[in-house]
Structure formats: structure tokens, C-alpha cells
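Below, each structure is written out as C-alpha cells.
What follows is chain A paired twice: with chain B in the first complex and chain C in the second.
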Partner chain A sequence: MNRKERIILHIDVNSAFLSFEAVHRLQHGATVDVRKIPSAVAGSQATRHGIILAKSLPAKAYGVKTGEASWEAKQKCPGIVLIPPDYPLYMCCHRALVRLLKDYSDKVQVFSIDECFMEAPGMLMKEESIRFAHRIREHVRQELGFTVSVGVSTNKLLAKMGSELKKPDAVSTLFPPEVGKKMWPLPVEDLYGVGRAAAAKLHRYEIHTIGDLAETDVKLLSYLFKSYSRDHGQMLWEYAHGVERSDIMTSGPPTKSIGNSCTVHFDVEDRETAHAVLLSLAETVGMRLRLANLCGRVIGVSIRKSGDLVTYSHQVKIQSSIDCTDAIYEYCRRLFDAAWKGEPIRGLGVWVNDLSSSGYIQLSALEKDWDEKKKVDRTVDAIRAKYGPFSIVRGNFVQSGLAPLAGGAGGDAGFPVMTSIL
Partner chain B sequence: MKFTCSQKKFLESILTVQSAVSTRSNIPALEGILIETENDVLKLVGSNLNLSIESHTSATIQKEGSIVVPARLLTEIVRKLPDAEFEFTVLANNNVKITCLNSIVTLQCFSADEYPALPDIAESQPIEINKTLLIDMIRQTTFAVAVDEARPILTGALLEIDGKDVAMVCLDGYRLALRRGVMDTPHDSVRVIIPGKSLGEIAKILPEDDRKVSITISERHVLFDLGYTRIISRVLEGEYINYSQIIPEDYKTRVKVDTRILTSSMERASLIAREGKNNLIRLNIQDQKMLITSNSEVGQVYEEVPILLEGEELEIAFNARYFMEMLKVIDDPEICLDFTTNVSPCVVRPINDHHYTHLLLPVRIYS
Partner chain C sequence: MKIRMKRLKMIFWADENGRITPIRFLMKQDDASVIKVGSIRVMERKEEKLAGNRMLIFVCQSVVAGQQKVFELKYEIATCRWFLYKM
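Take a look at the complex of A and B:
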């Protein structure tokens, strides 16, 4: 590569939750860097969210894995320090990172809480792009205190694959001419877009590395993945060759559905308690809809059984789109009553889809007009925005032992506004 | 089975029954047309179980019998035959031979035994209704049936008969269309809900002449008998919504307006409105005039329509499509729009003819 090109970077925070936590603790006078001892961020066991969300490198050396139960981690590594998650803190760090990146380029795409894509301004030579990436890596570490891995290439796929090549605190290039050498030897499941099911399928056809995939007949792949989406096979084949054409999306994709679910910290066995949990979920979903200026006309409820953890659901399409908490709750209650078979419940979920802008609502002669309740929603939303999510809660949650707002990334912390931002 | 028939007449019959033929069915025979000799005429049947159409046509029958011929192929073949007499013969193993001038086509068909029996409509006193009235009722109401299955009953039209009075009502919640009429011959009071789709097909088949259609209603089906053509539709079971409750009797704002002037203004406003996401038109009702505005990313329209106002001024918004669909079916030169508030239904009626009532729900705008 000896001419100027459009350069895409992928910036990935190393052990994000743990790093955020470590930095926060150090800033508040802690003497121990939790990144340097066996430690992990894990949900609270008391409320049954006890799985490992992020781990330190020393914990990894003991074989602790993301996603396993905390008690398993404790068996492998008895001295492990378990830290409860703090979603508001993570969001704070996330926003600081995005702000910093936007100083370098106005083309920044938030990909997840700890990953961003960005397009370097103007066209750059290879050497220039590497220097640019190092400048960002260095700046993040010095200003924010955590480290990032940066992938440098000419499209989003290769940039993302590139950032995986070396961790932590590193810059790796994966330009198209390097694909054969750097990407093809990797196991096929490392390719973005190859999930567990797809990997199993590919292994059955003796496709084990990304290189194997690149050499497979694209027609076979189209056939194998015809049930996924129209061009999934073609897409995987192109990915294996490092071909990907999408632009940096500075605004997120249009929201298709808004939903929240939660695990209840005891088995729910009666209708009233289930209704209360649905109400707390409806509070969150309604608030997120209104925050995004959306309303929807398909309302759904999912029920997760306690015994086998199997989830089943029920949904309804209604006449007029709604975003009102009471309206959502009313439909959820009816759906739940129609669907629930009486077994103990571990968790519940509520969603709204078939979304449209909430500025205009086609009225219906057959549905209740929720306008009065919507005024209450607006007032409550304003109070919560100013004084925090728990500044005003419904009376029925007081002393009920239930969260007044359930679901969201902040399941534990009960901070519901989070997921709508990503 | 063997007969000869003119290509033209036969094709006409095929096209009549074809709209009821299933395009995809669990019963393969339903993707065909049943052809049966009945004394000295030929009977053709197309059906998808919800709707069945029978058509009769004259033919010279040499040997009685019945057969089911794949509908799509038969239509294409007969359409392409020369305009002449052709001979239709059923051979062994359900093979059919069609001979016309110098062409011979053979087709693999189904035995008539595989064709489901059509519902028996119990003999009861038929309703005699003027054909043009029936066509108008269908045209002026069925566009308002519900398209989604949220309330399946609303995908049908309610046909109400009481003495000489007849009414057809469709509503999807956002609007309601009600067409009343008077029949020449009275009939006992009866209510039936007919799928909107069936009525659409019926309206297509009905030729515009002054003859009467006789309608027979049974528990599960309704039969429209046009003499040479019989249409049987399944009816929707369940309670229809008490629609008269929805139609407000009072108003605070009454607008009298020339239908043609309003329609052309609305058409222009719709052009811009439909480019936007909400397809919205706004009405600003003032003394002597009504302002119609619409805007979207591509531009805006401002229209002034002369009106006669009785009562209060009002600002209100509607879905442009619903408004246009209503205007399209009103034939009267002048209409009257009644409003109460900008979040309650608007009732539209022709000024001199109370046979038609349309109710339209507005769009609530949050700023």
C-alpha cells in the first residue's frame, strides 16, 4: 500500500468493565489495581444474576471464563475478587471515550459499550494511519486511564478483525494485502459474523480456518446459509476475503423494537406479583419509547419458567400505537393472563415493536385514548430526568421488595435509561 | 365426458370462476377448475373454500361427466385457442384432450372425486336486491374493512336487512363507512358478516344491468345468485361491533363544501403528504374558508377551499389516504363535514342524501 486511502479504525477497550472499574478505584484512592490481581466483574448472587461479565488477565490464567457462574469461578480461583457491576460508571466511561474520539473525526460509529469505529479524516498513507492510531491509543490511556486495542484497515470488518490481533494497548494493521497472512490462519469462529451455529455447520464441511472459508465455493456457502438471510453465505465468503463495504454510521440504525426483561430474585408463583414485575418492566419500556420519541402497536410479553429456564411468549397487535406506561402495562397484563400456565416464573420480559414516530397518533374509535395518562408520563419522565430514576416511583412498589423500574443494562443497578443510548 | 363449446363463451366462464381458484392449496384439486355437465349446460366451478364461484355456459354435450383441470394452464390454453368451436374429451386416466381446428392439446387432470363438495345452502327465502344498489354498497364501504387480523370480524362487511331497508357497514377503527338503501321487496330482519375480499370479487363479476341479485343466507354461508353465475362465500362468525354507538349525533362545527373543489384540493395536498412518513394533511376551518396544508421533505401545499361554516372554527389533522378514499366514493356534488373536537370523529354525509355516512378519526399531533 503506497498510496493514500480511506482509513477505518476499530477501537476496542481491553477488559472493558474491569478496566473501567480499576480506573475508577484508582482515581478514588485505591492502592490495588484490580486489573493486576485475579478479579472479575460479576452479577450479584443474591439476586441470581451471578455470572462473570469480565475478568482480569490474572483471573484468566486460572481458567476463569466470561459467562460462567460466579461459584464456578470461585472454585477455579478461590482468592478471586468479585466486583458488582456499575452500569452508570461504564456509561460514563463510554461517553468519555466517544467524546475523545470525536475530537479526531466526526465519523465515529458507536458499536457497543466498549467498541467504536471511526474513519480517519481525509486520506492517509499506511505509515500515517499507523501513527494516527497510536496517537489515539496513547491519548486514551493518558486521559482516560484504560487501554484500547486499535485495528487499522480500509473497511470496518478488517479494522475489527485487526483490533483482535494484539491486546492490550496495541495497534495492529490488517490491510487487504495482509489478509492471507494475518487472517486466514485464524479459526473460522473468529470471523465476525460466524456464530456458534454457523461455526458448527462449517466444521461439518471441514471448514476450520478463515482461509478454508475463503477457498470454499461461494455457491456452497449460499446454499448452506440460505435460511439465515438472503446473502449470508455470500457475505461470509466476502468477509473471509476481507471485503466489506458499509459506511461509518454516525447515527444508529433505526430502532425496530424496544424491550426489557429481568430475572426476579425469587420464584414468582402468583399473578399479582407477576403483574407488579410487568408494571416495573412497562415503566422502563415506556420511558425508553418516550425518550426515543417512538410508539408501537405490537405489544409482547415473555415468560421464563423457573424449572427448565425455557421461555415462551405471547404478543398482540393493537389498533393505535402507544407509548404510555399504563397502556403498555394493561396489554401486558392481559397477555400474561392469557399465556401463563401457572408454573413458577424466573423472569419476565416486555417489548413493543412495529414502531413509528410518536408525534402523530392516528386515533381509533375502538381503542382507549391514553392522553390523560400520557400527561402523567411526561411529568414523571421530567422528574426522573432531573432527579434520577428513583426520585418518583409508584406506590405499589414501596416495600414490595421489587424494583420499581426493571430491566435494562442496569438490571442490578436499576438504571434503565442505559440501553436506549446504545 | 365430451362436449363442444365456443372458445369465447368458455373463456368468459373460466375468467369468471378463476378469481376464486386457490393459488396454493393443501388440496391439489382446488388449484383446478371443476368442469361438470349438467343436463344440457356446462358448469364450471372455482373455489378456495372461503369463496366459490359457479358459472354456467351453453355447450353441445355429447357425453356426460366431470373433471378437474389445472386452472392456470387451462386459462392460458383456452385464451390462446383460435376464436372457434373446440372439442373437449376426457380420455382414460383423467387425461383431457382439447381439439380446436388444427390444434390438439392433451392435459393431465384430476378426477372430480378429489374436488371438495360445495356447501349446501339451505333453501330459505332469498333477498332480492337491485344489482346497482349492491355494487354501490360494496364500492362505497368495503375499502374501509380492516386489513390486519387484530380483530378478524372487522375484515368483513356487515350486511343488515330489515323489511325494505338494507345497510352495509365496514369499519377498521380509523374510519367507518355506512351505505343504506331501500329494496323493492321486503325481507325478514337478518344480519350477516361477509368477508371484504369475497365482496370485492363479487363486485368484479357483477355486470352492470338492471337485473336483481338474489341473496340466500345460511348459518355459515351466503349465496349470491345471478342466474348464470352463483357465488358462495363463507361468512364470518361472531358479533359485529355496535357501530351506531360510534357515530356521534351532535356537532360543534359543520362545514358544507363542494365535493369537486374539495377533492381536487385534497388530491394536490396528498401528493406532497404521501412523500412524508405520516401522510398527514391539516385542515384549518375558518369562517367562509377551509385551509388545507400538507408538508414533507419534498415541499408543501397550501389550499384554500370556500365553505359554509356553521359553529366553531377548528384545526384538525387527518391521514390523507383515508380522506381521499372517502372522497373518491362520494358521488354527490355537495357534502357536509361535522366535527366536535380535533380528537374526536368527523362525520361526512352528502348534503341531500342521507344514504351514505362516513366517519373518520383524526390524527392527534403532539408538538
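Take a look at the complex of A and C:
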């Protein structure tokens, strides 16, 4: 790359939740940096949210993995320090990072709580772009106290893949001419867009590295992934070649789906309790839909089994779009009853997609009329907006031990923690 | 100087531009006794934004328990709390 080009950077906070906590503690007088001892941020075991959300490098050396149960982590590393999550702190760090990045460029895309894309102002040569990335990395460390890995390239995919190459506190380039050398030897599951199911499928066809994927006939990939979306196979093939064309989205991606899930603090073994949990999730989902002025035609329910933690789901497409809590709950209940095989349940999820603006709803003579219930929703939403989300709750949650509104990270709910759209 | 991070009761003044200056503070010791420190001379002021949390840092000098000492005070803007950070 010997000419000036548009440069995209991907900024990824290293062990984000743990780093945020470490810096916060040091600022408040802690003498031990939790990043330097075996430690991890983990949810509460009492409410069965006890999974590892982020771990320190010394904990990683013991084989502690993100996503595993905290008791497993304790078995691998008995002296591990477990820290409860603090979402308001993470949001404070996130906002500070975005503010700092916006001092350098007005084209900043928030990708998740600990990741951002940004477009460098103007066109830059390769060396200039590396210097620019180092300046940002250094500035974040000096001012905010945590470290970031920066990926530098000419599109978002390669910048994101680049930031994974070297951690922590590092700058890595992955320009299109470097794809063959730096990206193709990586395992295929490291490619953005290849999840667990897609990776298993690719392995069955002896596609083990990103290089293997790049050399595969695109028609075969389109055939293999036809159930995902029309062009998923083509997209993966392009990604393997480092081709990606989307712009930096400063206003956030359009909402494709709204959903909430929760882990229940005991095993749900009867239908009535499961229905109550679905209702509390439907309350949250319905409220978020109405707040965004959206309604949807596809309603889905996911069930997470208690023993092997395997999740299965069921969804239905209905005639007319809905945003009414009772309507969502009604469909969820039917879906659950049709799908549930009677095993103990660890968690449940509810989602609504195929969204459209709630200003234009195609009515159907075949569907139930939810007008009365919608009036109730409007009133309840107004009360909650004025007096807080728990100011009015359904009577069946009183004394039930269940949350009347389930799902969400707490604090600034609705934050896009994960997205599959670059 | 050692890190103390003790909460303080503080009297400070603010000028018309919002610039604050510590004047005197009261600190409870672990044995429940109280130390009063006045006539604080601010030698340096800094600001930190670690983890996005703004804190003002004052490097000060005064007489503490009969001895001339240098110490650092911290003021957390989000919570309006004062701390003896280092002494």
C-alpha cells in the first residue's frame, strides 16, 4: 500500500469488564491491580448467573475461559478472585472511550460496549495510519487507564480481524495484500460471521482454515448456507478474501429484532412458572417495541435446558404485526407449549422480528383484536415512563419470587451488546 | 507517600469559575480518633479521567499531627466526595 487510502480502525478494549474494574479500583486506592492476578468478572452464583464474563491474563494461563461456569474456573484456579459485574461502571467507561475517539474523528461506529470502528479523517498512507493508531492507543491508556488493541485496514472486517492479531495494548495492520499471509492460516472459526454451527458445517467439508474457505467454490458455500440467508455463503467467501464494503454507521444499525432472555434462579419444572417467566419477558420486549415505535410479525421462544445447557427454539409468523404485551405473551405461551419437552429449564428467551413501523399496521380479520389491551399497554408505559419500570407490575408476580420485567443487562437497558451486522 | 484512600469531611471554597480549593479537613482514624488539618497549601492540581470517572487531584502541604507533611487529596466530581489519597 504505497498510496493514500481511506483508513478504518477497530478499537477493542482488552479484557474489557475486568480492565474497567481494575482501573476503577486503582483510582479508588486499591493497591492490587486485578489484571495482574488470576481474577475474573463473573455473575452471581446465588442467582445462577455464575459464568465468567471476562478474565485476566494470569487466569487465562490456568485455562479459565470466558463463558464457562465460575465453579469450573474455581476448579482450574482455586485462588481466582471473582468480581461481580458493574454495568453502570462499564457504561461510564464506554461513553468515555467513545468521547475520546470522537475527538479524533466524527465517523465513529459503536459496535459493542467495548468495541468501536472509526474512520481516520482524510486519506492516509500506511505508515501514517499506523502512527495514528498508536496515538489513539496511547491516549486511551494514558487518559482512561485501560488498554486497547487497534486493528488498522481499509475496511471494517479486516480492521476487526486485525485487532485480534495482537493483544493487549497493540496495533496490528491487516491490509488487503496481507490477507494471505496473516489471515488465511487462522482457523475458520476465527473469521467474523462463522459461528459454532457454521464452523461445524465447514469442518465436515474439510474447510479448516480461512485460507481453505477462500479457496472453496463460492457456489458450494451458497448451497451450504442457503438456510441462513440468500447470500450468506457468498458473504463468507468474500470475508475470507477480505472483501467488505459497508460504511461507518454513526447512528447505529437498523433494528432487525427485539428480544430478551433470562436465566431463572431455580430450575423451572412446571408449565405455569414457565408461562410467568415468558410473561415477564414479553413485558420487557413489548415495552421496548413500543418505545422504538416498532411492531413485528415473527414471534419466537427459546428454551435453555438445565442439564446440558442446550438451547432450542420455536417461532411463528403471524398475519399482522403486533407490539401488544398480551399478544406477544399469548403467542409465546402457545409456542412454548408446542415446543417444550418437559425437561427442567434453566433459561427462557422471547424475541420479535420481521419488524416494521407501528404507524402502519396491516390488520387481519383472522387475528384477535387487541385494541383494548393496547390501551392498557399505553397507560402502563406512560406510568412506567414517569415513575420507573417497577412502579406498576402485574399482580401475579407479587410474592412469586420472579422478576415482573425480565431480561436486559440492567442500568442502560437496550445496549447492543452483540450484533452480527458489521 | 503511601496510598490511604480515606474519606474526609472537607471545607473548600469555589470561585466564580468553579475552581475549587480545599481549606481544611477532618479525618477519622481507624482507632476512631479524629485528625484535623487546616491551612492547606495547594502545590499542584491535576485532573484524571481513569475509567471515565473525573477526579481532581490536589498535591498539598500542611501540618498534620504536629509534622509538616506533603499529601494528595482527591475530589470525585460524580459523587462530590473528598479523599485523602496519599500521605
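Odds and ends about this structure:
As a working rule, the second predicted complex is superposed on the first by the 262 of 422 C-alpha atoms of A that agree within 3 Å, B and C clash if a C-alpha of one lies under 4 Å from a C-alpha of the other, contacts with A are read in each partner's own complex, and residues count from 1 in each chain.
The rule is simple: contacts are C-beta pairs under 8 Å (C-beta built on N, C-alpha and C of every residue); 3 or more make two chains touch, one makes a residue touch a chain.
All values reported here derive from a predicted model rather than from experimental measurement.
With both structures placed on the common chain, the touch criterion links A:L57 to neither chain B nor chain C.
When the shared chain is aligned, no partner comes close enough to touch A:I392: not chain B, not chain C. Of the two partner chains placed around the shared chain by superposition, neither chain B nor chain C is touched by A:A199. By the document's definition of touching, of the two partners only chain B reaches A:D371; chain C does not.
In the superposed pair of complexes, A:L97 makes contact with chain C only, with no contact to chain B.
In the superposed pair of complexes, A:V243 makes contact with neither chain B nor chain C. In the superposition on chain A, contact of A:S358 is made with chain B only, not with chain C. Chain A has no residue lying at the interface with chain B in one structure and with chain C in the other. Residue ranges on chain A touching chain B, taken from their complex, read 316-320, 356-367, 369, 371.
On the chain B side of its complex with chain A, the touching residues are 148-151, 171, 173-174, 176, 241, 246, 277-278, 280, 317, 319, 343, 345, 359, 361-367.
Chain C makes touch with chain A in their complex at residues 3-5, 48-53, 55, 83, 85.
Chain A meets chain C in the complex at residues 20, 23-24, 26-29, 31, 89, 92-97, 143-146.
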